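Please see the structure below; I have some questions.
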């Protein structure tokens, strides 16, 4: 299966990248931008074909490695 | 030689470049703040190293889109020499003055050390102070120095003699082990088709003073001054 | 918005003892509200009030003719001649780095940089002293990787070279690593900025980043013993933004070049609370702050949150009246927040308002003066027996040497420092890998040498000798490059001071440090205390890290550790090796961490060092290395590896292992032209300095008494190989 | 509206971060992982309420700044 993982900063955690991107977009003349947050997007192929089991496995991966749960949240989508 | 160093928020090798140029050529460059949209009459523009805009999003991306880069592009089109060092190289590729992209080092770590470079061409005002094939020692200090371009672009760079420097071993071989960041074909620096724009990851300004451990960077500035005076 | 009632539980959560809370009540004359309680809590925390350590810190020598400002300000200031001053300090970020190694270490660097540029100095060098758990502990690699990346990520981006430091491994740090960061800056002596507020009515200005809910309670976290459930406290981790810091440095220095600033203070631990409090308190004034004017990045922040937030990259200033526009223009140019949030008053009170209402009103002086100060009970450490060399089994020296230089403690730290930009700013004359780093003072031929040192295994065995040794080793490392040692900053990392044995380590280490400082004319000008470094009751090795700087009048005169050429004479300055107690050899070759550590003869230390420095300054020496961990042979091996040139050395004495690996103090190895050797030995004899011909450089191997050569290339492979292999 | 932007490396462009994550997951004992690619995920609030116009605007942002089209592709989802 394909797992799509989004890793985003927890609400309230400073996002210097998002802040800088926001600023840069404004100076490029884009108006009306309320806020920008930047995260990571990770795609993985896992051999596991049972969605429930795959989910558990990818969750494990997120907790152990993909996300820094001190400051980040993660969300998992499974496909096919 | 009338030269200038562009200063972006987050540039941090701007002073180093100015010191080296002054030291080697006797001409002090002007420091130009990124918000100054007009550039004076110049022979050489240096886009220095550092972390412009924090290098957030992608290294050099935000600086490449700042107004001053439009002015730099216009100067480059008129043949003014433009030297991008490290973050400056990243800015020049992001701005489209040079092909390719600089990606995260293969090791994923920042790397600061002296490396050996083979001078691939002496046919430019930047490299005419060296002999083609000469091996020089110059430091790198970057996180995103892995030069990437598609095969066709790489072939064209080679066919047109636009590779300026390659990472090499002491014998001058562009060996894998001598490649600090995974750059395609060990490329450390490239020229534009007009040969008036050079981007390179290593820092020639850092070794242009014997007290800092070497002077292999000095011939670049000396040659530029000779060509542009 | 309803505020929580002040219950005994809430008081306890704020780290205030019932006794301390009674004092709060008597100062306030009423029960505090939650914001006021929060302010008391952070101001009286160990981190801000130094309540356990103050009594002893006061005993350290802090004066010398060249000291411009000792402890008490953001950083220490020493005169380096020609109207210039060096400003420096070291600070710990131990707990945050254990919880989130990248951000914890990064924000540690950010914080110490701010301490230095707050005073008007441009930061010119960073150092970092790191201590991790056992290499085979499951968390160690992750922590090493994160901390090193974080230090590099921050320092590289702000463009200040990271030129030196230490890395050690020991199981006592398994659950409590140490991350001590040091910054050195340069300022003009007539442009130094202090934090003492003055001028009733003067505007109080906030600059830098916006305030969020970061690290609320960071200061109290740094003052409480660690336990497994501190994982719960995770959201207190702050995220650093080195790009904003770089802008803040440039903006502050630009404004400092004008005469707009009366006083300035960074917002470090306890953020807006401690910065505003300390500025007003030092000036004997009051302060009014309108919290609605504090730039915030989140909605609905309470007064409590705004006052206690530890968001990074922020500064508080008092401006000359009428200079608001000048200052605002500078911060606008650098695209940083700028807000006039209040003014100084003559009431002696801190009055906070929000939404037109007073949300806190406390007296400044009584609060500051009533800050608890404890004379905690302490017990002296037990004296350990001296280990006789004869009872330590002897192994072939080549094998022992490879073990030492190729192991976790003795291997090269190149893997670490190559992730740090150590050359930016174009003045790094002495790069990492030698005894002290050497940074040229921009535009001059002078240089500052810098080092950080402590040998915690000595301190745990005998805190008094260990304290002396830490200072002496720092002094020696500066001397070994040719510099005149100037002053130190100390970072006292210890366990729980409420335990008399730990408090005893602290007290004895301070006594030893103080003696060494006096004997070596090496005052303490700044420092930091980090207590409660324990996990589940297990304390770290007592670790009083010494950061030190020295002055090199002409950087061209300095020497490095690498042999300059083959055929050079090698000389040993100082006594023969004899002391194996607490040595690397005993621990790593004989597997025994035992005995008394080497004693430090401070008079000999000074005499030998002054002699060596004198020789370097007159150009008689081509390479120099002090002897420390691993003794004579490790030092010679490091000199050989740094140059790729071998050497033969002669060893004397009844026990070869003690002669080669003993860690006796106050010693150096010098290389010199053959023609100079006799003269140097004669001068040493005249000066009463023990010295002898040790050997000669040359070839591609190291040998002892002409025998048993070990190839330099093999040593180098082992020395360079361990760290990258460990990190995978 | 909220715009969710995924920036991913073009096929054929080496992804050292993805490779390192893959390797790290394997050494943590996760088996059966076929491949890992790492990209960026950017969330923006835009004032524009017309989906078609918002899309054009965010596309512009991607081309000008958010993605480097020499090496990266981007995809935009609009919400609310």
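Should a chain be cited, it is by its letter among A, B, C and D, assigned in written order, with residues numbered from 1 in that chain.
Going forward, a contact is a pair of C-beta atoms (placed from the backbone, for glycine too) under 8 Å apart; a residue touches a chain by one contact, two chains touch by 3 or more.
These numbers were taken from a predicted model, which means no experiment stands behind them.
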- Of A-C and B-C, whichever chain pair has more C-beta contact pairs: B-C
- Message: With centres defined as the mean C-alpha position, give me the chain B-chain C separation in Å.
- Response: 36
- chain A and chain D have mean C-alpha positions lying a whole-number Å distance apart equal to 10
- Task: Measure off the straight-line distance from the CA centroid of chain C to the CA centroid of chain D, and report it in whole Å.
- Result: 41
- On chain C, where are the residues touching two or more other chains? 241, 243-244, 335
- Each of the following residues of chain B touches two or more other chains, namely 53-54, 56-57, 61-62, 65
- Specify, in ascending order, the residues of chain D that touch 2 or more different other chains. 40, 64-66
- Quick one: label the inter-chain contact graph as line, ring, star, complete or other. other
- Query: Which bits of chain A are touching chain B when the two form their complex?
  - Reply: 16-17, 20-21, 24, 27-28, 38
- Per the touch rule above, chain B residues touching chain C in the complex are 9-10, 12-13, 15-16, 19-20, 49-51, 53-56, 109-113, 139, 141, 143, 203, 205-206, 209, 211-213
- Residues of chain A touching chain C in the complex: 9-10, 12-16, 19-20, 23, 68-71
- Hey, which residues of chain D end up touching chain A in the complex? 6-8, 18, 21-22, 24-25, 28, 30-48, 57, 60-61, 64-66
- Message: Can you tell me which positions in chain C touch chain B when the two form their complex?
- Response: 149, 152-153, 156-159, 241-244, 246-247, 334-335, 417-429, 431, 440, 555-556
